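Two complexes, one shared chain (chain A), two partners (chain B, chain C).
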Partner chain A sequence: MTTRTLPRPITAPERSAADALVVAPGGTTRGRARGYPLRREGPAKLTGAAKYADDLVFPGAWYGATIRSTQARAKLVAIELDPDLDWSKVVVVTAADIPGENLVAAIKEDQPVLVPVGGEIRHHAEPVALIAAPDRETIRRLRAGIRLVTEALPPVFDPERSDHVFAEYEVQNGDLEVGFGAAAHVVEGEYRVGHQEQLYIENNAMIAVPGEDGGMAVHGSLQCPYYVHRALRKTLGLTAGQARVVQAETGGGFGGKEEYPSIIALHAALLARKAGRPVRMIYDRHEDIAATTKRHPAIIRHRTAVAADGTLLAQDIEIVMDGGAYCTLTPVVLSRGALHSGGPYRCPNVRIRARATRTNTPPNGAFRGFGAPQVEFAVETHLNRIAERLGLSPAELRRRNAYELGDTTPTGQVLRESVAAQEVLRLAVEAGDFELLRSATARAAAERLGSGEVPGGPFRSGGARTAPGIGLAMGWHGAGFTGSGEVHIGSVASVELTADGRVRVLIASTEMGQGTTTIFPLMVSGELGLPAQAVEMAPVDTAIVPDSGPTVASRTAMVVGGLCIEAARRLRAEVEARNDGRPFAEVYLADAAAHGPTRIDQRFEPYPDIDFDDTTYQGDAYPAFGWAACVATVDVDLDTGEVAVRDVVAVDDVGRVIHPILCEGQVEGGTLQAVGYATIEEIKLQDGRYLNDRLATYLIPTALDAPRLRTILVEAPFSGAPHGAKGVGELPMDVGAPAVVAAIHDAVGVWITELPATPERILAALEGPRGTQEPAA
Partner chain B sequence: MTAIRFLVNGSPVEVDVPGMRRLLDVLREDLGLTGTKEGCGEGECGACSVLLDGQVVDSCLVPMSQVDGRIVRTVEGLALAARERGTLDTLQEAFLELGAAQCGICTPGMLMAARAYLDAGGGPDHDAIREGIAGNLCRCTGYQKIVEAIAAVAAGDVA
Partner chain C sequence: MPAEPPIEVPVRLSEAYSLLAGGPLVPIAGGTDIMVRITGELGPVPERMLDLSRLDELEGISLEDGSLALGARTTYTELRRSTLCREHAPALVEAAATIGAAQIQNRGTLGGNIANASPAGDTLPVLLAMDADIEVGGHRGERRVPAAGFFPGYRQTALAPDELILRIRIPLAAGRVTRFRKVGTRRAQAISKVVMAVSWRAHGPSAGWSDVRVALGSVAATPIRAAAAEAALEGARPSPETADAAAEALADELTPIDDVRSTGDYRRMVAARILHRIVRDAGGW
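Coming up: the complex of A and B.
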């Protein structure tokens, strides 16, 4: 394994054309980002010139709105329009207006575009009818005149009591009885996590524009143009050529604009079709939180056999995820959850049982991490409790169990390369001063306990109002799609030398802030011996770019980047071959003039020696894994139970760093989302309705809530990708929450086993039985 | 309808709108200044931040009746002088070079809050900067690089 660590600050050179992917020390120049190209669409974003969906102007466009259920479960008996109102100036769409299938294209296709009369409403805020009008005031006035006649049905809210199973998996390796038979300790624990809202700052937005040929173009905020394209074809009965999807500048996605934009696009398109004019379907924040997908809540139970020296002997893990009312991507989220639930640790005897069920709550879907943050919070907190039980440092327990080269995962996957678990652990412990600070917080805790009297507050003693704590967690994240997902999709990415001598990258992979439009020119130009600015990105428009797959699963840099590098290599070889072997950079302009355009379409080929059996859940679940470790320090307010997260050191192995500033940006942003998940982000439900469905009540961290973030990037390249990249988007989301919860325990001596660790939960835990909750030694 | 006169980015403007129409809507829909964004419509996210007589305000909470005779500055006016030279101003340059903008939707509001902080004499102290931008939510960056960019400008590291 070649692991190289890149401590901050990195100074990088101008990339040499011959070896574009080597990061080496060098100077920084103005007009560059630490020696690397500036974010390509940055100037447009910084001057306000960038056009997001709601900034686009379509003359004559009407405004659209969605009429939603106000019950969690009911039979839809009728939709009535108030006869005293004038409906002639608006259009109203119901399920009866759908020309194709009344189903949103997805895995199981159980979700209607609109609930039909006679059909079943399955969740609060479910779309039932649509209205469009020339102005918002008319919509406001008339929407109240659309009445839903329903008969209530008994709802199900507890995922463990639901009898409708969306997906179920069992992973087995070794023999649990052998493991538990040899145990010196058996540790059990139950962990719970709630919903989390993606909370991109740009709400969902789609504008549908009907074409003269009966086709439909949709412009919008989205991650996956071809998902929306497929949905339009299916529900509107369009041909591939009649459906067109164009991505507008997109103000964040985080998974929240993976599958849900399909239904919004369909709603806009149905209205546009009936109105015969463009229709703008722009969600406000309240609607976006109330109706769109969240991270899956989960209940995770661990029973673990441990030897006296801390060696893991057996893990018995049960996962129940709440899918919400429709299947969406739940089977794939659950699958990733199951496969990550043991954590990055060697264990000879493992059983993982996972199931996801249906409840009468709005459907849950994709969110950065995709099932892994839930289970990794559980296993990391469980491991920290095992360390406490054994009187071992959490770092030492991990050193004894973390995967090394040659180890085997629960699916029987032998880790043959690119294993940096020990490396990220070592770096995080060192950079975070973990052991030193841990002994300091232990001394502080001992002094508080020793002082006896507790003036000023029930848990306070001495003069200190806050208690400091430090916590450690580590994690892993399977790179790219699970199992044979990539083989099934068969993505295509293209690099083209145009007739007028421009080099263009054609991909459907979207820019939503993570840096797609900056890193692709960098990767491709390096292969061609050109400066990055000589490579253009084609607009993300299904009429122009091939289907390079969805922008999800941290697969863009790794998989699509790999395809573009291969395409660029073929383009270079082809052009150089017909020009006497002279370098591409010297001859491409003349070559284009002489030979016209040359386009290379690169289709995904399975990674060599990677094989997974989707039916038995045995084999190589992922082509490679990214590895991460995180040290967090907190202050817990002893009067209020509030947690201030002070510093986080995040160490992430991403295979290969393509652009250090953008890469760090992914780690920093993902880490803060994990801190929010750990501390303040919570959805409260009543009768299946989200109670805090506004930004005033669903809180995310502000700059004052955010810790100082320090990032260390590690490179353990994956040989299956030409550049070695393993992706970075999701990995940091997996480790932050358990590190914060461990730090809270270190500060005040209680384990918070249900996220988020709100002041209420912390105070309740402090008031509870203290028997097993002495402060960490 | 009321005739309301004010200055936007140095240019005089007169609009004839209901007094309760939001400044945000006048900027975006009547004047075509779509650089100012709407994130929540209730003053929580700061994406619609503009400067009103030099003070940072959420333009979704400002009725036009309060704007008569006043000076409004938006992201489009941040680099008026610099834009004539075809460049960004120092603050925008720092955001670009240090990686402080990702998806970009909070960026216009964040820049206006940062501008107000710097114009008020704010220095490079990170805690003070965090206080200055606490009304502006960002979901992409973790704020680290935003704070560093503003600190670099305050310290004169970006000329």
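Coming up: the complex of A and C.
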């Protein structure tokens, strides 16, 4: 089987640069994405016609702003308005103005919409009061006149010292003592990862528009319309009909617009309610970075028993996640983290202990990967260190341990289908020329050592300027929600043939640049025998679309896509049945004219034979898994420790590729986000405040920092979904960072066990006695 | 955002001088620094501004009286495209190429970089290393200030409030070599963690170095020259021993701080290492 891209004719210049490659396990390449539709929202975005929240005009709207705490922890004694200022032309909202519950609807409901007087400020930049005015200048003048009287309380910043536990899990399988008793080697390691900011292009933004009936409509940038809907009902005491949420064009989310928009929507709505007019709550970048959620920092400890041939015998894993000041989605993030922490490897004796605690930093929340990138960085780096200890190739160690069909995971889940771990590993090792390049980098290292001048004196880095390195990592990502999440939610998606003969998809799943509005018409039209452009997407407005669940967990194509395919099949059957079995495409216009609208509402049905026990953490944690492997090459500057990531081969099994170019885009974007996580993305804190809360100081890779990315897509379909898709959004985020860190080690011989692997950390490790960055083994 | 400050747009330098004499005015050239401050979020917003965009006197790149003269309004893009600059001040061209990215290089000016006086201003070590003079003027007359004396303190300059930077003069010196190196967090749009320019004159391959300048940014409150490192290199040839001695001297004399971009230890070590590398490259060993 070939794993190379298909040769392209040299004569005809192709519009698309690289060949997307799709490989079915054991099959042949499917080639390029010719004939697939362009992104549906693309032209409006390119021409500037797309309306993001800040582009929406509501006559008479005021501007809103948030007054935030400047302490990590304090008692709020009073909120004082400067008596010398004129407050008559503005509205100020405090917790006392909240008609319903002063709680943001979430898992634990511990987070106030605004800190009440007498209550506790729990983090820097926490919302305490709100102000709205006809113009921003008035806000700027008056906000300085709102004074928070507080009494400082001692903050907690170390998640291991916190005594408030948000969530705790233990997963057990086999017997650790048996595993460690049989070990030829025991390898221990501690790994740390910091915050990461989602850094969507469009900042958070919400506009609340009060209705005549006491209702409230909110327009904004968001991933999950029904989360916001629920929050409005709870805090404003509205009925389902009185609350309405409309998604504006959304410029990226990455999880950062999963739970936080509820708070902004509530703030805008409280101001709008008091002002009796629309209020615009548009964050600037500084506020967005300072106040909204980040990826959870974590400390992960591994103790692993290995046989002489590299077979894993036991894994003892401890995870501590820093939840920040409020619970948000932390229990679910932690749960996914725990379930992925052993990596995609067979191991008979496993114990995973995970806990997430409260600290006095802004709350952490959803971010692409959702707990998995943290733990997979740890286990992959640990595995690479085991390979080093055993003198085995990292590829060979993985080959000996990666899951195969029929293996059992730590929760006792038997992998009955759709297991492509060995396949993605093989493809990545081949396409990345892993073994060949690894011997070349080893030769380069030997030559540097042989030159006899490394390191000669503290400031001499020797003859060579840079050191090349290559690294490998693999990973898995549970498809869709963890455990019984999908069953609890019971999503509904609809496909409708309207009275005037249009076919519409009605879902609350949002487009935020990833391609929802492009792939749904593709999936539905395929079932109906229509061209994709014949299928419309209904506007994402809770007054129109059913609750198809949040746009998270890489579940949109897999779960909601599956529902729409089923709905389309039912629609087709129904229409064809009343038209003498003639094809839908031929009869649907006449059918609509004769019979009026036909709408199919498809509700999620549990996947057959998938069963998870949320209390014992045993059973099928996910209906299926996506599998990925990644080979990265780097050059490390020997003078400065700067890392240039040169080339990344990313192999991802997504079950079924729906739109090759968009799918490749997800892999490239996720991989680059992982490269940023690995090398430069870092939040620095002082007394619980983010120090680098601006684009000038929170840096992500630019186009010049992006490696050459090569994507190989693998299809190992999941039988529970009609199309076999397992999702692609998060999987690539899980594997890039450990591959880059392994490449840095290959280049310069030090293990960086704390992300990001900054030049500061690399030089410190190189300069210290060798291996000081490594925990004692 | 507060209302836009009123802005004067003189078309002649003399007019600009009398406007400046009339009260405080904040000049705006490319605006890439000043516009960041215009929201009021990062400090006071200028009350009145002086637009320099019509002042032809601040433009142009030429050779005059044995020096390369660059108008204060020279943009980085102009610098990069100028054959005169490429020939006589290649290190300055290199520095210009590392600033921001294309948009910033199209608007940002050399005069703005100097007047802004950031310790991380990337052209400033080059100007220090090349013994540039900053020519400034106002209604009381015009004067020249050596670059090395232009930055008395953190974000301070030798400019009086009623003065403008007119041009930058870089003396041409036979046999002078200047090297530039910037270390930032990423390959574009990065403020320096360490930036260095080193220049020296050598008469023939075996002769020692003279007029050595080692200038750095982002390692102190102002752009600085490193006297001990210069002394270690002055009169010496670029041998391994010289490189070691200069690097150690530099590490000893620097006391950079930890901040949001990097650590003091890293800056010190990397400054020494890139100096070592520059000497090594010059020595060809």
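Just so it is clear, the second predicted complex is superposed on the first by the 727 of 777 C-alpha atoms of A that agree within 3 Å, B and C clash if a C-alpha of one lies under 4 Å from a C-alpha of the other, contacts with A are read in each partner's own complex, and residues count from 1 in each chain.
Please note the rule applied: contacts are C-beta pairs under 8 Å (C-beta built on N, C-alpha and C of every residue); 3 or more make two chains touch, one makes a residue touch a chain.
All figures in this text were calculated on a predicted structure; none of them were measured in a lab.
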| item | value |
| --- | --- |
| Dominant toucher of chain A (residue count), chain B or chain C | B |
| Touched partner set for A:P583, first chain B, second chain C, both or neither | neither |
| Chain B versus chain C as contact partner of A:P531, first or second or both or neither | neither |
| Chain B versus chain C as contact partner of A:L704, first or second or both or neither | both |
| Contacts of A:G174 with chain B and chain C, given as first, second, both or neither | neither |
| Chain B versus chain C as contact partner of A:G215, first or second or both or neither | neither |
| Partner chain in contact with A:G100 - chain B first, chain C second, else both or neither | neither |
| Partner chain(s) touched by A:P134 [first = chain B, second = chain C, both, neither] | neither |
| Which superposed partner A:A696 touches (first chain B, second chain C, both, neither) | both |
| Which superposed partner A:G412 touches (first chain B, second chain C, both, neither) | neither |
| Residues of chain A that lie at the interface with chain B and also at the interface with chain C | 696, 702-704 |
| Touching residues on chain A, where the partner in the complex is chain C | 136-137, 140, 286, 457-461, 465, 639-642, 644, 680, 684, 691-692, 696-697, 699, 701-705, 759-760, 763-764, 767 |
| Chain B-facing residues of chain A, complex | 30-34, 38-39, 41-52, 54-55, 198-203, 249-254, 284-285, 512-515, 661-662, 664-665, 668-673, 694-696, 700, 702-704, 706, 708-709 |
| Residue ranges of chain B touching chain A (in the complex, touch as defined) | 28, 33-42, 44-45, 47, 74-76, 78-79, 83, 88, 92, 95-99, 101-108, 111, 126, 129-131, 133-147 |
| Chain C residues touching chain A - in the complex, by the definition given at the top | 1-3, 40-41, 101, 183, 185-191, 243-244, 247-248, 251, 260-263, 265-266, 269-270, 272-277 |
